[in-house]
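Everything on this sheet refers to the single structure shown next.
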Amino acid sequence: MKTIQPYTPREIMTIMAAREIKNGDIVFSGTGISMLAAMAAKNINAPDSVIFFETGAIDSLLEELPFAVADPRIMYWAAANSRLTDAFATMQNPITGKKVIAILGAAQIDRYGNLNTTCIGDYHSPEIRFSGSGGGCDVASFVPRCIAFMQHEKRKFVKKLDYLTSPGQLEGNNSRQKAGLRPGGVSVVVTNLGVMRFDKDTGKMYLDKFYPGITPEKILENTEFNMDVSKATLADPPTKTELTILREECDPQRLILD
Amino acid sequence: MTNSLNKVIPLKQAIEQYVKNGSHISIGGFTINRNPMAAVYEIIRQKISDLHLYAHSNGTGLDELIGAGCISKLEIAYAGNGKAAPTCIRFARAIQNNEILFEDYSNYMMSLRFTAGAMGVPFLPTLSGFGSDILTKWGFSKSMRRSDPKIVDDKLTVIDNPFGNWTGASKVVLVPAINPDITIIHVQKADATGTCSMQGLAFADIEQVKASKHVIVTCEQLVTKEELRQNPDLNQIPFIHVSAVCHVPLGAYPTAVFGHYDYDSQYLRKFAIAAKNSDKFKNYQNKYIYGAKDHEAFLEIIGQKRIDTITADPRTGYSVNMKRD
Amino acid sequence: MTNSLNKVIPLKQAIEQYVKNGSHISIGGFTINRNPMAAVYEIIRQKISDLHLYAHSNGTGLDELIGAGCISKLEIAYAGNGKAAPTCIRFARAIQNNEILFEDYSNYMMSLRFTAGAMGVPFLPTLSGFGSDILTKWGFSKSMRRSDPKIVDDKLTVIDNPFGNWTGASKVVLVPAINPDITIIHVQKADATGTCSMQGLAFADIEQVKASKHVIVTCEQLVTKEELRQNPDLNQIPFIHVSAVCHVPLGAYPTAVFGHYDYDSQYLRKFAIAAKNSDKFKNYQNKYIYGAKDHEAFLEIIGQKRIDTITADPRTGYSVNMKRD
Amino acid sequence: MKTIQPYTPREIMTIMAAREIKNGDIVFSGTGISMLAAMAAKNINAPDSVIFFETGAIDSLLEELPFAVADPRIMYWAAANSRLTDAFATMQNPITGKKVIAILGAAQIDRYGNLNTTCIGDYHSPEIRFSGSGGGCDVASFVPRCIAFMQHEKRKFVKKLDYLTSPGQLEGNNSRQKAGLRPGGVSVVVTNLGVMRFDKDTGKMYLDKFYPGITPEKILENTEFNMDVSKATLADPPTKTELTILREECDPQRLILD
């Protein structure tokens, strides 16, 4: 039906996320594709962004891709090596926290951008248990902008989370603020099908961009809840420059891209 | 133990002396880095049970302890073992099979709870978690809490900001202090009195140590007091917090120690594969843990060739271009 | 300012840009150590007034600022200038003559208040001060507090332990966060982006910096980024917290900088003697502060001979066997 | 009336304080005579005691006597150099705090061992202003044993403090505990005339020892409040060994002793 795209789903996801990062941003990064997006941004559009880990390293050189946020590779040539408490304070403190953009993953997301990384089924006796919050709940509580990376599937884009690990817009409208949280939480969702954002007033997810070869209908088919797709436009596909830098400078060994 | 006397004892003896059935315990490190694995394996060998473990993001050590049935209660933020197992496998299984009691926090909350314990205050405040199930879903019931004096009566609590809207916060979450009976950490350098110097990220080791009634330090290098005194700025833990010092080179293997060795991704993968199957897991344990009388014997099974592969490059502190599974 | 661009500017410009009449300010160091004196003298030269100073145990810098009339409000734990003046003389005089508004805390309370500011929480708890007049006697009235949005409504508050008797505490004192407009510290090493490495005790400099909206760093040595990146464990302040970097060798003189120079006890004594008498003090200020257009000119008045006397011995970090007045 | 004592008031005060320090104690020390007492204890009766400063240095070598708790001399050859928050946490935390004995000075003390280091006269408009609490209030709140060094004068041993900076037994009986404090505060007062302690039940100061050449009556004459002197005995004067070590090893240059 379509010609084969000159990039993989991982590649377009990485580039879409990288474009969210601005010069001067402090990028809270996990590992895997989130790390790659941070590196792509630094190499393409935000050279003065700063990569930052919850374990306490900041602006690490990253001669090799780390496989965990406690990988010794992040401790080399950092601006500072500190501790967990320091890293989270940097985000909780609005002076520095307002500059942080986080990249998170999750097992489930709901229409308000709340995330579940804890379990499927009953909390006390789950069908599937995941790793738990880690720093996810903290980051989603503290920082103004978070990118959620998700595979776009109905069982992941759900009406009701089995467990609310990391707060987004909670129940929408001003419920986040009423609960005691600062403005923030997941502000953009990047999947293998498109890019979603949240309505400023209602806090509800809407489709912002769909990728070449993907239709809004396909995205709705893979989403359990209703979503406004009326404002959606076709995403600008990754440029040649973006792809070249991503492939040749960020992950030449294709450790994450494959 | 505050004194500056020689605290060096064998690891076996340190575990016997300080880790008891039912102890409340914490271990240092983060996922696949600086877990006190030699101590973890010794706890398993000594078949210590009914441990209450406090963890932020413990990985390898946690999953071995759960896999061996040492843990009955767990307060935790994250259980992952790097690329080998994004969710720790025996951990997930133990919860899915209702084999352990557990309660979830965030990493910052757990770090603050250790910090509160280290500071000697009953709680610390945070703005994390409002509206989340971390606040509302408790793993330990009220009645269990009330009946156990070692567990705080409330998981956490929310209060209005007593200073009006100062700093823009209307409410705060208060998380209660943790004071483990025993914390075990693995560090790069320690002297015989227990003063420690960690290299690279300290994670929450310092707070865990200072919060604990007793502390066992295992170290790569047992150095002279004089060596550490030359750089007091690099010594994050003074001896007054430490009960026992054990000289255990490669004591964090298969997790990494910055400046000394990398994680062994091959071993972690082998563990992950075994962990998925009860028989395979028994075989794994029999060969690597119960099949070795101590950490030296364990390392002999691993072999020098594997150790050479993960040995850190002196410039970067990790094993450059190591094949990572 | 979070970016990693070059932030090096002249001290005069940094003070002009970030320290305004009425600013809420804190300065680094402790009594006679690592006060950012070049910055203090520059503030005095620029005749900046109505400053609100937050201090734990500031000494030399504090007394110069008060003596020059720059401070109108002070929150403080301790004002002493070592052996030269166990109580800072201009400080005592300003209070005795009702020239400044002031409010007393303890050192731990002030350190916690900076820590709360650095953590982004409205308060931190402590078990210090129950029953003391620190809790009951407020220096700033309720009405003044209510009318000034930059001052918290309550000096501090006491609450019952919300976790029952957890950790043995029945009540806790909550002390409110401080977020100064500007903090100025002096460090041994900084790079052009603002990453700092302090040697010896950090006092509360790290917390003061992280709590502040803007930060000026003056440094003994302006080093390359590469030099600091070789030891990230020694860099207590990453560049994201810093607004401006000023290269000011001997920038803490007459206070000490570990590894570089000692305090000048002779200068401190001279200051103390002058501080006791208004005319003498004016002469002192005219000669040493207003008589010098900048810190270099000030150091020329001091003379190389005096500097040589206080230069630190490389082994110990201080001037061995220096004659101390 | 008396033969000249073979020691000075400073020397006997230092030795009396040193005797309070036990092996294994962590000694919170200021400067001046309190530092000398800590060094004397370490050299005479408590070789395994540990000197500790509120600024964050612990077990410093002290090749030279420091003149302030921020003196660079305390940073050399310490077990660890940390920060104010770490030092106070070490005392507030009962695990380590219970091992701490502090040495404090003050402008005024009352019969319950409460200290004033803030001012004489009205707080807002004092006749004399002193340095303020520093760490004094914190230490007196946290640690079980404190030695107060005082010159024994009526204007210093007062019925009512002008300002209560550092809590002792507050108003006696169980008022310290009722206020929220742990047992602790000033437990012994060492002056140029004698040694005072506090009744366990009432919290009131009593005379424990008077020095050779001093009478309980003289001590009462120099104390504004009533004090039980019925249990007082003559102090064992400093021994030759104590004095020799103090003079020859602790302060050979008599920087503090004179």
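Every chain is named by a letter (A, B, C and D) in the order it is written, and numbering of its residues begins at 1.
The rule is simple: contacts are C-beta pairs under 8 Å (C-beta built on N, C-alpha and C of every residue); 3 or more make two chains touch, one makes a residue touch a chain.
As the structure is a prediction and not an experimental result, all values here were calculated from the model.
By the document's definition of touch, common neighbours of chain A and chain D comprise B, C. The set of chains touching chain A and also touching chain C is given as B.
Contact tally for B-D versus C-D: the pair with more C-beta pairs in contact is C-D.
Here the CA centre of chain B is 40 Å from the CA centre of chain D. In this assembly, the C-alpha centroid of chain A lies 28 Å from the C-alpha centroid of chain B. The mean-CA centres of chain B and chain C are about 38 angstrom from one another, to the nearest whole unit.
Multi-chain contact residues, meaning those touching two or more other chains, occur in chain B at positions 117, 120-121, 126-127, 169, 172, 179, 200, 233. Residue positions of chain D touching 2 or more other chains, listed in rising order: 57, 75, 81-82, 92, 94, 142. Taken as a graph of touching chains, this assembly fits none of the simple shapes: it is neither a line, a ring, a star nor a complete graph.
Chain pairs that touch one another are A-B, A-C, B-C, B-D, C-D. Chain contact summary for the complex, chain C toward chain D: residues 29-34, 56-57, 76-80, 82-83, 86-88, 91-92, 95-96, 98, 104-109, 111-112, 115, 126-134, 137, 139, 158, 168-173, 200-204, 206-207, 256-258, 262-263, 265, 312, 316-318, 320-321, 324. Taken in their complex, chain A has these residues touching chain C: 23-24, 26, 48, 50, 57-59, 61, 75, 77-82, 89-90, 92-97, 99, 142. Against chain C, the residues of chain B that register as touching in their complex are 116-117, 120-127, 152-154, 157, 159, 161-164, 166-167, 169, 172, 174, 176-177, 179, 199-200, 233-234.
Of all the residues in chain C, the ones that touch chain A in their complex are 2-5, 117-121, 179, 193, 195, 210-213, 228-230, 232-233, 235-241. In the complex of the two chains, the chain A residues touching chain B come out as 31, 54-57, 63-64, 67-76, 81-85, 88, 92, 94, 114, 118-119, 123-138, 141-142, 163-167, 170, 175-176, 179-182.
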